[in-house]
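In the two assemblies presented below, chain A is common to both, partnered first by chain B and then by chain C.
Presenting the complex of A and B:
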């Protein structure tokens, strides 16, 4: 170490806004204002922390990160000390070892040591650091521990074990700094201090599910994950939360082929490591045993289980028959906002290029005058705006994690967040935003037309960038890829717009249209089950992919089992156009090949050439070649279609 | 030469009067060592509560991964084990088990030990995956009818197994052996350095029985 320090000392550096610091003999230059803790992490030196959190301000209450710094009379907390030029930090000397052993002995004084029954056991910082830095023994008799209440329900989602708490304040600060809701407090003093809610009220927040992840020990745990599994039993699948279009990164943790929890996966550009409760606790939905498991072919009143190959052959034959008899325009094609980009890309090509029908959509409502400008503002770019206007309550209801980003912009960057009613006039919005220069306008997609009018009015005040909250995990992808009646891929205007989703279903119900090819499950159709039932019963041919039994699976003439989100690979596009991968973590409910393969085979039988194998990755390459915006976005980047972005 | 023959015959004549050491297995069986590592036993406390808390440390320690544990939360009014957590399912794949005893070593509550039984052969593979009902020690404290008493005693509870194969019955010789082992030498709370009166989470029920 010392040899490195002596030989590796860099010569005098010019003032580049960086400071030179030595940690355990390792010399490095870090930007001014960097904390010693972060500098150590950069140097690859581990400093144990409990109260410090990458997303929160330092408080230095746990004293676990104390390090020796030359010329300081006492040990300093690395998490709250700013690196200075020429600072010499030591973490590997006996003094620091002794401090850590002492701190851990203190933290474990009244800790119940019930790791075998603790949900956190196996991924607990207290456990890990005790093994790594602890003294190995306690001088405190186990019989004299002070006991607190165990298993206190704080809400329907969160359980608090007051004994296990080490008083790091992370949960209190989470509510102060991240959500601004201030629901958890520290009560009492000294050894009796405990985390609790004021007046024992239940937690109200929409973001409680982050507490167990913020907690470094097992004090705050999920009630839905209580004693469900051990962390080492879980199979992690990096994926994207399927609950809304915001695209929060998650780990879908499964055991025994069932999803047991969603854990956050930090992506500073999207979720900033926070999830909402609606998304986090929706995992149970994917464990249902009610699934479509076999391909079915129906003719008149006969229904029989068939092989996939036969189902695809029948689908191709029947669609061709309809097209020959009544014309290709009598076939409607419905995508879904719950499908992957690869599936939607193939479906759009199949519809417009192979079948040759203009009637393509992925939802029911008409989308007139859609433009790429309404999706232009990025999620992380919200922090760059000085004024943020939210039209109505819908955006934050649809994508709850947006609220946390708005609060961050407000708290850290001093932005003004103005929440207007969804029908606030353009003039009102302009008055509210007066004095602003960089305006971010956030609206829901059901309120698009009005938001466009407001944006025009705000344009007189300052520069306006818009973010429109789409519906469904991949609602944005469906629009980008042209699953709309009036625009093609990349929002290219079409000479002859086709019918929208509602018109297709009504056409089928009234008999003016004959065939339907649909990719399911389609959340947009759930509210219109009556119209859907009339349509699919009247239609001469319904080729449908679906995952769950329902109207579609009951009446489809050719039914092909679909794959749920965690059963297939692919990519989905979030509300700001970020293309993110999803991966297969659960075994599929049926032996049917994935949708991309089935669609490719179907297209091949209907005369398409050169579509490749249909493997999701191969389709993804095809998609990237075809769509320049998706080619540029790659994996994790944003697909942008505005003129400036393309230029 | 004659001397050697005489010596050999003398030994034979001497042994003619003693009992043969050959045991007519399976009609007759010899007791195994108390430290024998045979089929696992899940133990109970004196008050009948299960020792196992479903912590899965046995499954984590198992080098072959033959143990499956699914934990659940105790109903405080009718607890199955002391504390918050119990094992709802506990299965051991005996075909895969190598009887190393790491599970017993890892167990924080002395809930699992390896018992004297060694006859694990079966005609059906699925029956070699033994469930909690088969592994669990029966408890003489239960009232008649609450739970059928095991025909042979601890570690050989065949509850729910009779209908699988009526032929599977532990032999009478085993009954005596297992009863001796488990009621006299099996660990009790308080033995093995586990303090009984400590109100830890792991054993609050154990204190009440004293």
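Presenting the complex of A and C:
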């Protein structure tokens, strides 16, 4: 036994900002201000909750979490009671068992018990807690329950079943506290209380898809997931939302080789467990059967399906021929913001070191004067700023979940969020920010040059940190890894800048350039279809990886089927430089090896040595060895390149 | 006569509802005295000395409540609770009807003591006429310089706003009142923080009952010591009791605290009607536990009634004669709570519904003994588990009646009809 038992006096506790609490006999010390609920979780003791939510303020309405606390006259809600020093909490006594049985009995009185046809069956807190803590029998002698409306469409995305609702208030608080939009309200009172939208209006929010996830039961459901699957029939793959550069963590849930939904996967540093509707409901884009499935080799008069090996051999031979005949600088190399870091890392080396061309890019726009400082501000660090300046609507349109972080900074930290037009002058911005000390400046990458000028002016007001919203799931990685004409990996200055993406395509179209190696799919290029088509038709050699049939697959001289984001492993880097893993969750559309393997083989045929197996994990190790910033970031950390950040 | 008239002394005086009439009986002199004789601090101390306890139901010492306000946090707000929706309560309405200015004067005295520059009277939606009366009275008082800037040259500013509720019992609960006043759904707030720290618009706030405030002019004029000596040790002063039920003279009676309940019943209410005898009574209003004839000798004292297992609550007295079916009364009260539950928390929202469905079966003689037993268990799952006292108290009367009249409850099981009513009908016939 400890000294306490021997001497009878408790040992002196230093004031370390913690309090000692005992839960079911387990002693632990938790930071002051910790809720009993969270202390219990830390002690490994489960307390059932309905209304409490990790991202919302307590309301203590469901009374499911009531626990016995010594010296309190009646049971207290664990979700709203702050742990006090010396507090003795009990959850494993008959009193608490009876409370839970009682609450579940109440909740089930008017519950329709739709479980067999309810989308939440199998992942429903009402089912689960009833199994675990419920009374087992019903004592209610009345067979007719109170009825409400079922399957009410609240929007194109969300359906509400008012009968299944247990009135936990989470959806109402979600709109109050997380988005600030207040779209769902409570109406009526007593046993007739129901949630609905005011005046039956349709939901307008860009973040509706989070509702079914905050709802603990099957009251709010996704219309796109209605009657689609049971959770145990889903295969869950931890990944990153492919829709934008913000990098929200997701679970891609698939069944029968199709993605059925994206579910949020809480990363407090990035998404804070929220997804936007554009991202969440984009999942079915990945189920298309229109895919490039076989390698093809084309010459002027024929087009042949070939083996991968032959395709790679042809690619190496043709690129070499062009280089020999017209010089390596007649070859352009285009990566994509949709590629993984591992692919881009290999492609950059292949371009500059093996082929020897300076013409490397991943998009069309010129990227003059790019500096690491323009994406120094981290997403979570937004909450550390007292003033946030957002230039134009683009940042929040590009990366919608950013809006929720801004609102959190506003609501929880009292930050000022100032939205200016994208061309607001530097002087205007400085006036708007007057009084600020820690400024966060957020702009879209298309507006980065102007943002730099604004940042300089703001520097006279307070300290400024910038966040640039890059485009594409891995637009940031492409820049970090040197897929730019004017900087190399890690933003290293280049003696001779190469041609940018547009210049490469124009060069090909006009015949001043001859060959193209491109890693697709590349949405930025596809958006300029006319130029792209002229370029690839005119080029003597186009070695292309692509996933979907289109201009590139139609005219490429060597076409290699690519892997879509859920068919391969690797890492992508979000706006703030956070390196996050994606994983293969769907079978690939073709038998072709993954891009990193093909690139490695191709490089080998072109004379490179020591590139290893090309396995994505092995490439990742190479990348981390080569790039100190990525080495430090590891998996889940931020790759930072500014001197201060590195120090 | 057993009545002791302090607040109601001048009731009935000519034109008392008007400013002139109120001034004629010495109205607003107390406000002048307050400014003259007291600083805000000494006035709070005087109210503490008086020992007055809140008349809104919980009986919390008013002076102590006032002293919880954090120093130097302004603005602060004062809300007069005129929501009076407790079954059996109609004293606040009476106090307003007869003398609206007495309430306004009390409100201003409290505002001065608490250094509040904006005070609210939150009045029950159904008290439409009383709201108009108060609005007229505040207009008069404003015109006469009792409300507004630099009142009576004291340098103290105070505005008074009369706000009508929409008719929900729960809005009498102080935090629900505050929510409703802010324009939100009338539902209680999570405590802490308590209103004294963060109340209306996030500022320190005091909520006091109409009757509590009506006492203040008298405490100012006669002194805290005098008031304290009136009534009993733990229950100083008088209270206005709303008497209803099977009595000869229902109405409001102001009694010195400590007077035996029997005196109230026999001398003021004229005893039980139709020569019948008392079966049970409910002090305090619909929330409180049932008492029996043997409790008639209890003094009207908050502690004494509490020790007997009930409470003086909000000052109602509902007397029931021998023909009354306690199951029927319980059913009606439970229906009231089912109707008034705000729906915020599970045990009250679903529990009152469960209770009421069972009580209807029981009163109709359809319930089984097992259902009766489950009723008691359901009540135990509600009491002490709810978010606010409404849900807890929704079980108190029925549980106390079940305990005191167990045979009567059991006789209903499987009887096919209400046995008590059947008997009463037989008696009459």
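Definition applied: the second predicted complex is superposed on the first by the 634 of 647 C-alpha atoms of A that agree within 3 Å, B and C clash if a C-alpha of one lies under 4 Å from a C-alpha of the other, contacts with A are read in each partner's own complex, and residues count from 1 in each chain.
Here is the rule we go by: contacts are C-beta pairs under 8 Å (C-beta built on N, C-alpha and C of every residue); 3 or more make two chains touch, one makes a residue touch a chain.
Quantities reported herein were computed from a predicted structural model and do not represent experimental measurements.
Of the two partner chains placed around the shared chain by superposition, chain B is the only one that A:150 touches, whereas chain C remains out of contact. After overlaying the two complexes on the shared chain, residue contacts for A:367 are found with neither chain B nor chain C. In the superposed pair of complexes, A:142 makes contact with chain B and with chain C alike.
Legend: residue contacts after superposition of the two complexes on their common chain; A:407 is shown touching neither chain B nor chain C.
By the touch criterion defined above, A:116 reaches chain B but does not reach chain C. Once the two complexes are overlaid on the shared chain, A:186 sits against chain C while remaining clear of chain B. When the shared chain is aligned, chain C comes close enough to touch A:75, but chain B does not. More residues of chain A are touched by C (comparison of chain B with chain C). The intersection of chain A residues touching chain B with those touching chain C, taken from the two complexes, comprises 142. Note for the complex: chain C touches chain A at residues 168, 170, 185, 190, 338-347, 349-354, 357-358, 361, 367-368, 371, 374, 378, 381-382, 384-387.
Remark: chain B residues 53-57, 59-60, 71-73, 83-85, 108-109, 195, 198-202 touch chain A in the complex. Against chain B, in their complex, chain A makes its touches with residues 112-114, 116-117, 121, 142-143, 147, 150-151, 226-228, 230, 232-233.
Contact residues on chain A toward chain C in their complex (touch as defined above): 58-64, 66, 73-75, 80, 98-99, 102-103, 105-107, 109-110, 139-142, 146, 166-167, 186, 188-193.
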